[in-house]
Each structure stands twice: as structure tokens, then as C-alpha cells.
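Each of the two complexes below includes subunit A, the first together with subunit B, the second together with subunit C.
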Partner chain A sequence: MKRPYEKPVINKLKVNFMNKFGTGTFSLSKKVRKEIEGVPVEKLVEEFGSPLFVFSEKRLRQKFREVKNAFTLRYPNVEFSWSYKTNYLDAICAILHSEGETAEVVSEFEYEKARRLGVPGNKIIYNGPYKPISSLKTAVEEGARINIDHFEEISDLEEVAKELGVKVKVGIRLNMDTGIKPQWSRFGFNLESGQALDAVKRIAAGGVLELCGLHCHIGTFILDPSAYEKEVKKLVDFAYKVEDEFGFKIEYLDIGGGFPSKNRLRGVYLPPDVAVPSIDEFAEKICGALLSSLRPGDYPKLILESGRAIVDEAGFLITTVHASKRMPDGRRAYILDAGVNVLFTAFWYHFNIEIDREVVGPSEPCILYGPLCMNIDVVDDDVNLPPLPRGTKLIISPVGAYNVTQWMQFIRYRPGVVLIGENGSVELIREAEDLSDIVRREKLPERLKVKWEE
Partner chain B sequence: MGAIERLAISKNGFVFDPATGNSYTVNSTGLFILNLLREGKSEDEIVDALVENFEVSQEEARRDLLDFLEQLRVNGLLEASNV
Partner chain C sequence: MGGVKSYLFPLLRSYSALLFNSSVWGGALLLFLTFLNPNLGIGGFISVFSAYLFAHLLGLKRDFFRIDYYIYNPLLVGLSLGYLFKVNVVSLLFFFVSGILSFLLTYILYGLFSYYLRLPVLSVPFVVGSSLLYLSSLKFSNLFVINLYPKLHLSLPFQLPLFIDGYLKSLGAVFFLSNNFAGLVIALLIFLTSRILFFLSVVGYYTGTLFQALLTGSFSQAFSDLSAFNYLLTSMAVGGVFLIPSLRSYKFALLSSLIAVPLTFGAKVFWESYGLPVFAFPFNFSVHMLLYTLITIGYYGVVSFYRGTPERTLDYYLTYLRRFPSVDRTVSLPFSGPWTVWQSFEGPWTHKGLWKYAVDFVITDEKGKTYKGGGYYLTDYYAFGKPVLSPVSGDVVSVVSDLPDNPPGEADKENNWGNYVLLYDRRGFYVLLCHFKQYSIKVKPGQFVEKGTLLGLCGNSGYSPQPHIHLHVQLYPYLGAPTVPFFVSSYLSGNKFFDFGVPKEGELLEPVFPEKSLLKKLNLLIDQEMTFTLFNNEKELLKTVVKMAPDGTFYITDGRAKLYFGIRNSTFYFYHLEGDTSSPLKYLFFSAPKVPLISRGKVKWEDYLPLLSISSPLKRELYLFLSSFNHSFFKVKVNSHFKKEGLIASTLKFPGGKEVSSFVKIAPDFGFEEVIYDNRLIMRRKR
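And then the complex of A and B:
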């Protein structure tokens, strides 16, 4: 009678190195996930291959409604605008538009993608430091909200307004000190230096633009809700200064996004459930600051451009263990079929890593390498895993934000993306790429045609 | 093989190296291999013994034995054989 097999392991006992978080050889980090929203991981890979991005429609809608409730219960006039750059897959955007989100775009490409999807111009917010003048003209004609980033853009918009013979309503983007380091000062006009007020003066002097909104985005993955409280108070003070001194009516305050997801930033030791404040804590600070600083009866529209906080946790990546290695320092390493080419956010986070089956054997610190023949391709350099047989699937999450937009076609083809519907249906929402996607735009001069001598 | 012979190995996988004072734990498969190494068995013989006694393929057993020998080398319990 044969005994059940467990991969042979020897571990040195290090009594001196126990740490207060209790991780290491003895941690219970064997997290098993055999299915995503009820669909077996094995079945997903069988049908669509590996690696594979998997999105959950249920999680996406739930998360949005959670954010929506947190704000609409506390303030009477709120608009949610989907941050396209975090994830502009048609299916993902369509789900969020069906929930009532408008589109927040930062390039003419994103603008065109939103329009193609059927979003009317007046449901688009056009942000960003580089807006070609032709795209500004389209945006003005179609009634998009435009938040101005710099003085040249004021001139560009004046030109468009004169050409079209219309008065254009605009917003300006501000940057300010809210205690967040590093301070994001490269976008918009600085408040403390008086630059923002100069921009208002410039707009008033031109006479063809009408300032109706203020926009600000204080940073990214903000873990301190009180930073937003400072932002809102400064915005409201500035709005009233503009209204009182220039006669413009500020109709909206767009406070941007930057809310964190339940991901673990590199360098943060606490688990995200402890380190990341709930969306209610952010909403409480923001709406509290609004209600306490606005004049009685004045409820300008509050616009939120939340992206990551809504989509990150709805996305998973299934990847397969292709090989294992023992490094010269004794650590175990695995080579996966997905790396930083498709997981840009691996540079920022330690993901939650789950395995698709029970694996016997003690966990040990491992390195996860991607498939690229490049030194930078490290998915995680310190994760505790039991000895994994070749072919084991890892389920990496949360990966819904910034990956399927920043992924690179570098060395490997980009993988497919599927959506698990609320009823459990599985639909392909982006096909895996092949050679035709890459060579479609290449032109080889006739004289360079490759011919081999026999 | 040097260090392997001097190790004190308990039946439940606790390993003590009297020369360095280091202690180790091995799982049952590791203990099985360690005991065969002390008997001076060759790699081929150990692979055969693993296949005979455990639910494992020849290929996986060979791959894992190589990895276990590397772990022993890293811990200074086995001389590097072909550096």
C-alpha cells in the first residue's frame, strides 16, 4: 500500500527570527480558491486558456452601489463618473454606465471610446494635461464638461469658442496642499501660490469662457480620509471667492478619485482590511466638510471620479505554474505564464495569491517570476506558498484596475478577458491576441523582404 | 556526504546537527530520503524507492529529489558535487 506523496522539504528552525506578525514558515497562508463566482477555475482555463483575466459583474455592481450609497445618503447632489483609464474595456464601462455613471476621460482616445460605446457628449468629463485642440472643439460641440489644466488650454478653448461663436462653460483643475506627500502639483493651477486665482482672472478677462466648476485630484491610493476633508474645505472657500469677486456661479465641485482598494501596497505591512479605511469613512469626511462649509441652501454638484476603488476587487488573474527553481540562496522560485507584461500593478502591490487546489507540505517564502526573459519580471518577491506541482493555477487578485489598460504587448501576446455575469454565465469580453493584432500596422518595404539562399 | 552521517534524526522529522547546533524539520518524504542518503544509496536508487513507496511518478520524484538535494546543499548538509 503506497503512502500519499508530499514534496520533500527541509526547513531550518530560526528561533531568533520570529516576528510579531507571525508570518514565515508557520503561517496559514495556504489559501485555496477552486472557483470564481461559482465557476470552477479549471473550467475557465480549459475553455479560455491561461493566463486569463476574469471579471465579476456581481462584485463590480456591488462595489459601485456601496460607493454610491455611501455618498448619496450623505449629500443630495452627487454624480459618479467612471475613470476610463483604470479600465476601459467596453463591457466594464457599459456595466458602470448602466449603473448611472458618466464617463471621465483623459485623452481623445478615451473620449472616442466612450462616444463609440454610446455615451452622449454631455455625459463625458474631459480631463488631462494634453487635450489636442481638435478634440477640444469636438468636446465643446458635443457639450462635454472640460476641466482646464493650464493657461495654454484657456487660450485654446477661447479660440474654439470664438470659432464656434458660443460661450463655453468650463471648469479648472486646482492642485493644493492637503497634507498628502508627495503633493500632486503637476496638474492644474496651484491654489496656495495664487496661480488658481490668476487663472480665474484670465478667464474673466477673456470674456468668452464661463467658469462653472472646480476640479481637483489630490493623489492616488489615499489612506487618510481627512485629506479629502481639507480638499473640500479649500475648494468651497475658493468657489465662494470666485462667485463673490467674479460673478461666476460654481455649479460643480469635482473632487477626483484616489480612493484605495483592498490591495496591499508594497512597504505596508498591515493587511488591507486593517490599513484601508472603508468608503463610508471617506464619504463621512467629504460630505461632512461640504455640509459644514457650504452656504445655506447651496448644494453644488459633487462629482466623484472613483475608478480603482470600484473595479480593482472585481478582477482576478488566473496564471499557471510553468516551472520551479531553487535559487542559490535557498529560496524557491516559480515561473508563471503571466508577469508584469500583463500585471502592471505588480510594481505597486503585494497581491492576494490563492491556489486552485489543496497542496500538502509546509509553506516557504517564494519568488514568483513571470514569463519574460527580462530581469524586471517579478510578480512577487516574497510570498509564502507550499511546494506547488507544475500546472498548479494561481489566482491573483485584486487586479481589476490599471492592468487591462496598462498591460504591454511585450514579448508575449496579451491574454483573453472573461466576464462572469450575475447569473453565472461566462462571456468572453476580449479575445486573446495573436500575431495578426501585432503586425496589422506594420509595413515592410519590398526591398527588405526576407529571402534565404538555398 | 560528510554532514549527513553526523545528524541526529528523530522519527518524527526533527533533525539536529551537532557540529553547527542548527536544527531542522523535515516532512515525511524528506525524512525518507535523508535516511536513504545516510545508507549511501544513489540518486537512482532513491528515485526507485520513492516510486515504490509513495503515490508519485518517476518523473516528479526525480525532479523533487534534485530539489531536495539542493535544499541540503544550501543548508550546508551536502557538499556541492559538481561546481
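And then the complex of A and C:
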């Protein structure tokens, strides 16, 4: 690619603290991205406006297959269950269901959304600490797999089972020490304290539930594959204890998700390509632990609820520079049309930020502010960018996970979402919101109707 | 009732056994026929009765009487004596003693024949026993010989051509009823139970008699010689009972009835010089000679388990052959997930000569490449470092683990097999897996491994230019031994499930391991009961229970029929239906002859059913008879698929193009919930 001429400049040498990774500020380096999957950024904004979420079907499918192969080639009985909370846009879920993923939901809303999309009840895994009894009843009737979080839920399910006159197959969620800090101990029953065994005893004593699965989710963005190895070994030991002592058959081991994407956590020096282990390393530890600790010929289903690792890198956000400022400390700042209202994950990542055109001039550390009139609205507080003219588009990635579910409608409308198909077609999968979306549910009592005296 | 049944039925069946079937009503008819000559009937009956009593005195179990040799030999002896002597107190005592004598004779001869010759004893005890008793009676002048008294002569009211009359009389002579009326009844009986046996009796009779006529020069003599029954019995036994009915077995039948002719005449010289008939000696001798030869040379078509009639045996045999092409040398795929066959049997590169029965596996991506990036490093190859699982349960014979992995494109010519694991499967063969990654092997010689155990990781050691798994079966425990053909069990190729198969080059295969929940549902346990309602014009109750046969196999029964089932590798099978074939259990069998234990959608598979599944009896029996001439004439093919989880939809294709569709729903707890077969609905009752 022909690079435009740049006038030579002399930069003041900044003496920072020394560190072995260098300063990371290469004044002339800039990352330019003019297109996403072959579709010009310019054209996308022209047609759908800014800001705009863009998803790539090709990347999504490729990533899923990579993850799937990593596991199925190492363990013969694997099920992938799409973590709805990570991204429950219909189109995204539909793509993953077409690849064979079932649905993992954590609320009655997600359950209903999955059913609406045509996912049969027995292809849904129902997790979460709060499951209203009415939704438990629906889930039981439709044959969903339910992982119990607490003792009250055991009672609730027994009530449902008795009401419907059926024996309900259930799983229980465990939490355990795998060396990961902080330990997620608020979900499920603790293994080490004996609470998990108590739960099994309680289920056996009730007589109307049949324990057939174990679930555990050790945390999120786990960078140490051996934590999963510990988890799996503990799960298998516990499963055999349950099988041998209670006569239940453990048909599945659900190890949750928590695999990282190639995103850069704040506070981590190394770039994700170095810091984040490949999915193969996770698969090797998990499947190796399974094959070496399971009894030969016994292959309970391994369920993975991976979300972030699959969808994060398929998502981009296009945002436009609205204004620039010089801060009192001398740093440059830009105001964008998208902030933490649509980029919730900005709180813990340094995204990969690319610009849509060649811009002449040396890069300098900048702050990216969003459009909210709130102090916390910072997309990135330390990114090297050349002097960006107004109207420059920034392409922020990876943003596929959690943003389009955790985004909020605070003082602004949520932007549109498009999908670039495998053949390069661009389809709108969620329209940008307008006033009607927000006022639709509002009711104004007649007596409060606003009437201005002329 | 049960007590009477358990004595009476074996007795009636033993009458039928003389005509090589096990029909109860046929036996009753034969019993009745023998009583047309009361001497005969009483003679036979008393003899059998005394054999029973004697066995009871010995304290033998009731199951013992199911072995028909022990009944029909005393029966024949009794018949032969009843034929000769008039019934009175003395002769009754004589019949009684003869029954015991023939029981003992059967016992010893059965032992000698089965132990030394591995042959069925047939009616040798009868030949020996009756000959001895006839000889002894020469001195027993207090017994009244029946021929000296007038007796009832039953014959058809019209004249038959001699060659038909002779055939019928010979048939009657099997039961010492040498008249054409009894012969006609017996001929009809044979025709009704088995067309193949009827056909063979005709072939045997006319081959023998014509040959005899040619040799002796007299047709009329040949057709009126009663010992000609030996020809037809020989033909029936050889062509339809001891060999799987086929064009070849018919040839053997024809040849052995030819052999029976000189045997008959040779024997007659000795027997007749003492005034005895030759009984069934020629039949026994010719069948035994041929059978011994065929069994010793390992002829493939020898019947191992006769199923009542030649038709049933043929049907069972053909179906078994189609469904289970091999069960003795099967291995499962030694990996997890989808792998591609790089080289199969008689592969183009290295699977040649002595080592032609081997399979190599690699992992490929959507573009068919086995590596990502440039393929310059071993870690670029998808197969490298992937787990290798044991394809059989067996003993680890030897292991090499310390050879280095070659860089891509290079191969170690010194150590062809690289790092390897050699396993011994106790079914009698060795399995070799090679090209493991250096130091990755987790098992040790002497260790017993279950199928599916992690053996090590795929590598690139030995004569291997890229990481792959090499698998073959051999019969000797050393490296480089010649390979032998084998079958791979339980895998998916695309959406199609195979329970047995030989992988083809380029085929993408994925092993199937039984899904735990489905395995639990279909692993039917003894005494488990299922109650169904059958909607077939009107409602009907079907109560079934799971039971175990003495040989350790399991079956579902409703009291009328037994439906044998089992789980092998990753598949649930209904093996075959035994007993009353009108039982609704057959719909279960026909709708789901096999179910792979996988719970994923869109999987399809094929199977074959016995011709028994043809609903029109006329067509079914005609097809079976014609099938005996060419085994590949007719088949019933079943194409099944999972419509959704736990719901199997099948289409049965019958000869002649008729199609029947069926659905089977697997129950949420165990067994089956609902079966729809050709508009018949069977629904599990609420429990």
C-alpha cells in the first residue's frame, strides 16, 4: 500500500519509567482499517449511520469451528451451549444454533427469547441464581436442563415435579477452589465445605428429582488453563462419588465458560497475542484431565458455555470523532459519538482502536471520551493516535461480547447493528432506536397532560 | 395346565421333529395318525412314556426333555415294535422295557457322536435299538406278530399312478404307516410347514428311486420299495436342515440321496439275512458322512442353530449376514471427533503386500489441508498432539515411546513403525497403532486397557511424513506381521451412522460413543415391565417383561413370542423374534431393528429385516422359497433417521416396491413410549 508522504518531525524525548516492554509509543505507527470484511467503513456509515455495531458472520463461524474442533478432536462427547447473556441478538444466536450450539440461558427473559427463536426446550440449559417458580414450571414442561443454584430451588423444583407428576432430571451447580482469585463462591453449592454433597443428599431424600449433571463456572477471562484441569478433576471425582453412593448417573459435566478472547485487559502489560493462551491449550488441559480421570469407556457429555471466546472478535464498533480538546495536562482528548453507554466492556479492556483513513502527523497519547455528560464516560484513557480531524471514524474491536446485551439507554438511543454475511452482503440485524422505542411503555395520566398557557 | 403343557408339547414336537420341524399341531396330527393303527400308536406312546419315567427316575431336569433326540428315538423304537407286535399285557411290558433301552442307547450314542464326531445323533439309536429288539423277538414266541391278524387297511379310494403312490407310501413309512392315505396327510403336513422340505422330499425320493430303477432295471420295484423313505429323509436333512438352504445345499441333497441308494442295498444284504428291515440306517449313514466332511473342512453353510423350519433358518441366516457382516474382528476408531481417512485397505502409498489391510487417519480442514499456516512445523498439523484412544479392550503387548518426531516431509526409514502400541484383543487378534508423539505413550506392557483408554498422543515418528495415526490388525505378536482385514465399528460418515464398515479413502469419520442417557434408557434390565395399549381395530393390552435366556442373552416377551435384544458397541439391536410370530412384539422389532445411541439430530442409518416382516403370508413364503435358490433375490431394507431427539422414523422397503413407514418414540425413563407401524399404534400405558 502506498503510504502518504509525511513531513519529518522532531519529537521531544519523554523519559518514562523503564520497563522491559518498551514504551509502546511508536510515534509514526498507526493502525488503519478502511474496510471490515471487504465492506468499506465509509459505505457502512453512509448507509446505517454512526455509531454502528458491525458483526462478521465469517469470523464468528470460523472462531466457533476452531473452538469446537479444539474440543471434539480431544474428547468424544462435547456439547456447546451458546451463552445468551454474551450476545442474544437473534441473528447471532441463529448463526451459532446453525453451527450446532444449544442455548444457555440465565433468566426467564433469555429463556423466552430462545424459545421465540425456535430453540426446543430440550436444547436449552437453564442456569442462574434467580429462577421464578413459574419459569421453572415452563422449563420442566418443555424438558429444559436445569442447573440448581441453591437449596430453595431444590424445594421449588420438587414442588413443580409433584404438581406435574413427573420425575425431573436436574443438574446442580458447584463452586470450588481452582486457584483462581477471586473465587466465585456465590453461585451454586460449595464443594470443599461439603455443601455440594448435602445438596445431593437433599435431592436423593426428596425422591422426585433425579440428579444427572454437574455444572461449575470458575470465573471469567481465565488466563490459566490449569485452573480448568483442577476443576475437571474435582468434578469427575465428585461425579463418581455421586454415582457410586447415590446411584444417580451423571450424564453431563458442564464446565461453564470463562475462556478469554484476544482482548487486552486493563492492567495487563503483554499484548493479548502473548498473554492469552490459545483455545487449544485450554482444550488440551480440559480433555486431558477428562480422559485421564474418567473411567475408560465412560464419556459423560462435556458441556461448554463459551461466549466471549467465540463472539468477541466477530464484533466491531464504528464511531465518529465529534470534537477534540486539549486537556489541562497537555494531553489530547476526543469526543466520540459512542461511549460507555454502548461499550460497557470499556471498563476493563484496552480495545484495539483503528482509524478509517491515513492521517498525517505524529501519534500522541490521547483520551477517548464518549457522548455522555458523565465523568466516567471514558472509552480509553491512554491510546496513541495521530491528530484526528473531525469526522474521522474509529473502528473499535473486539466488542462482540457483552456490549449489545449490557448497553444502556441513557440519554441516547442505542445504535444499529449490521451483519456482514459470508458472501459479503450487509444486513441490518437491529435497527437503531428512536423515540417510539423508549416511550412505548410509558403511560401519562390524563390529568398530567402538559398544556402550556399561550 | 402348565404342567401338562410342559410334558405334552415336547412330546408333540418330537413327532414333528421326525419331519424336521417343531410344530405342535403338526405333532398332534401325526400322533393321531399313528393311532389309526392302535398297535402303532400305543407302541410309540408307551415307549416314549417309559423313557420319560426313566429320565424322571434318574432325576433329570425337565429342560432335558426339550432335547428331541431323547424323545423321538424311543418313539421310533416303540413305533417299530407296535408295527410288529399286537398289543397285550406282555407286549406292553416289552414296549415299556424297549423305551428304557432306547433311552439308554440314545444317551450313550449321543455322547459318543457329539464328543468324538461333533455330529447330531439323528436316529442311530433307533436303528441300533430296533434292530436289536427285532432280533431278540425272534425268540420271544409269546409275542403275537401282528401280520398274522387281519388289520385295518387305510388307503385312498382311487387308484394313483405308481410313482405318486410310491412317494406317499414312503412318506408314510417314516411313521410305519405305509399307506397312501397317511402318506398324503404327511405330504400335506410337510407342504404346509415348509415348502423347502417338501421340495427336497420330492427331489430326494425321485433321485433315489430313479437311480435305483436304473441300477436294478425295474421301475415298479423301485417305486414300491418302502426303504426309499431313506432317500427323501436324506435329501431333506442335507438340503434344508443341516445346511443353509441354497442351490449348493440342494446339490448336496441330490448327491447324498444318490449315495443312499447303494448304502441301502449294501445294508439290506446284512439286515435282510436276519429278516430285518434296514430301518433308517442308509439315511443316518449318508447324512453323517457328508456332515462330518463339511464340518471338518469348515464349510460356511453349515447350520449352527436350526430355527424350526428351513425357511426360518434361511431368513435368520440371510438377515444376520446382512446386518452383521463381521463381529469377530471389529475395532472402534482410535480418536475423538472427525478425522479423515488418508489411506485405507490397499492404499496407494504404503498399504501394500503383507500390510495392505491398514488405515491411516489425519485431520483436515474445510479446504482439505492437514495443516494451518505453511505446514513447516509439526505444530501446524491439526493431528499433531491429539489424543489416541484404544480401539479395543485388551492387553498391552509392547510399546516403543522414545523415537523422535520427524520434521514435516521427512521420514524415519530405520524404524518404520515409529513409536507404537501393540495390543492383544482376547477375541484372538492383535491391534497395532503407530507414529505416536515421542514420550507421549501413557500405557505399559502387561497392562490391560479398556476400549477408549487414552494411549498417547498422535505424532510423527517412524515412516511418517506428516502426523497421522496408523491402525491395523494382525494375528501375530511381532512388529511387521502380516495384516488381516477388519471392520471398524460405530462411526458417523457425514450424517450416516455405520455400526460396521470399512473406511474409504478420503472419507471423513467420527467415532460414536454411546450417549449415557440413551444408554441408560435402552439398557433394559431383567424383570423390567412395559405395558402398552395396542390400537389395532380395537384396543388390546400388551404386557411385556424382560427375561434372560439360558445362554445369557436377553429378550422381551409377552408370553407368546420372544424378542431378543442387546447393546453392542454404540448400538441397540433387536436381534430376532422367536415363537408366535403374530405377537405384536414384531411391530417393535420391525420399527426399530437398530438404534444408534446418539442424541444428535439428522443422523440416518440403514438396516435389514428378515422376510418374516412381509405381511402377506403367501408372498412371504414364496419369497423365502425362491430366496433359497439365490440368496440375494429379496431383502427388506430399513432406512431410519432421528426425526428429533428420541424419535426414530423409518421407512421399510419391501420386495416388490411396497413401503411402510414407522415411528418409534423412546420413553423418558426406560424402554419405548410409542410405536406406530403402518397405521397400527402401540402406546405405553401411563405409569
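Note that in this section the second predicted complex is superposed on the first by the 430 of 454 C-alpha atoms of A that agree within 3 Å, B and C clash if a C-alpha of one lies under 4 Å from a C-alpha of the other, contacts with A are read in each partner's own complex, and residues count from 1 in each chain.
Keep in mind that, in the parts below, a residue touches a chain if its C-beta (ideal position, glycine included) is under 8 Å from a C-beta of that chain, and two chains touch if they have at least 3 such contacts.
If you're wondering where the values come from, they're calculated on a predicted model, not measured in any experiment.
Participant: Counting only touches as set out at the top, which of subunit B and subunit C does A:P76 meet: first, second, both, neither?
Facilitator: Only subunit C is touched by A:P76; subunit B is not.
Participant: Check the residue A:R440 against both partner chains and state whether it touches subunit B (first), subunit C (second), both, or neither.
Facilitator: Neither subunit B nor subunit C is touched by A:R440.
Participant: Per the contact definition in the header, classify A:P300: touching subunit B only (first), subunit C only (second), both, or neither.
Facilitator: second
Participant: Pick one for A:P362: touches subunit B only (first), subunit C only (second), both, or neither.
Facilitator: A:P362 contacts subunit B only, not subunit C.
Participant: Check the residue A:Y5 against both partner chains and state whether it touches subunit B (first), subunit C (second), both, or neither.
Facilitator: A:Y5 contacts subunit B only, not subunit C.
Participant: After superposition on the shared chain, which partner residues are touched by A:S292: those of subunit B (first), subunit C (second), both, or neither?
Facilitator: The second partner, subunit C, only.
Participant: When the two structures are overlaid on chain A, which partner does A:G330 contact: first (subunit B), second (subunit C), both, or neither?
Facilitator: In the superposition, A:G330 contacts subunit B only.
Participant: Contacts for A:N122 in the overlay, against subunit B (first) and subunit C (second): which applies, first, second, both or neither?
Facilitator: second
Participant: So which one touches more of the residues on subunit A, subunit B or subunit C?
Facilitator: The larger set of subunit A residues in touch belongs to C.
Participant: Do any residues of subunit A touch both subunit B and subunit C, and if so, which are they?
Facilitator: On subunit A, no residue contacts both subunit B in one structure and subunit C in the other.
Participant: Which subunit B residues qualify as touching subunit A in the complex?
Facilitator: Contact set of subunit B toward subunit A: 15, 22-30, 32-34, 50, 52-56, 60, 64-65, 67-68, 70-72, 74-75, 77.
Participant: Please give the residue numbers of subunit C that touch subunit A in the complex, ascending.
Facilitator: Answer in residue numbers: 335-339, 363, 382, 385-387, 389-390, 442, 449-454, 511, 513, 515-517, 520, 600, 644-645, 669.
Participant: Could you pull out which subunit A residues touch subunit C in their complex?
Facilitator: 69, 72-77, 100, 120, 122, 167, 212, 249-252, 284, 287-288, 291-292, 295-301
Participant: Residues of subunit A touching subunit B in their complex?
Facilitator: Checking each residue of subunit A against subunit B gives 2-13, 324, 326, 328-330, 361-362, 387, 389.
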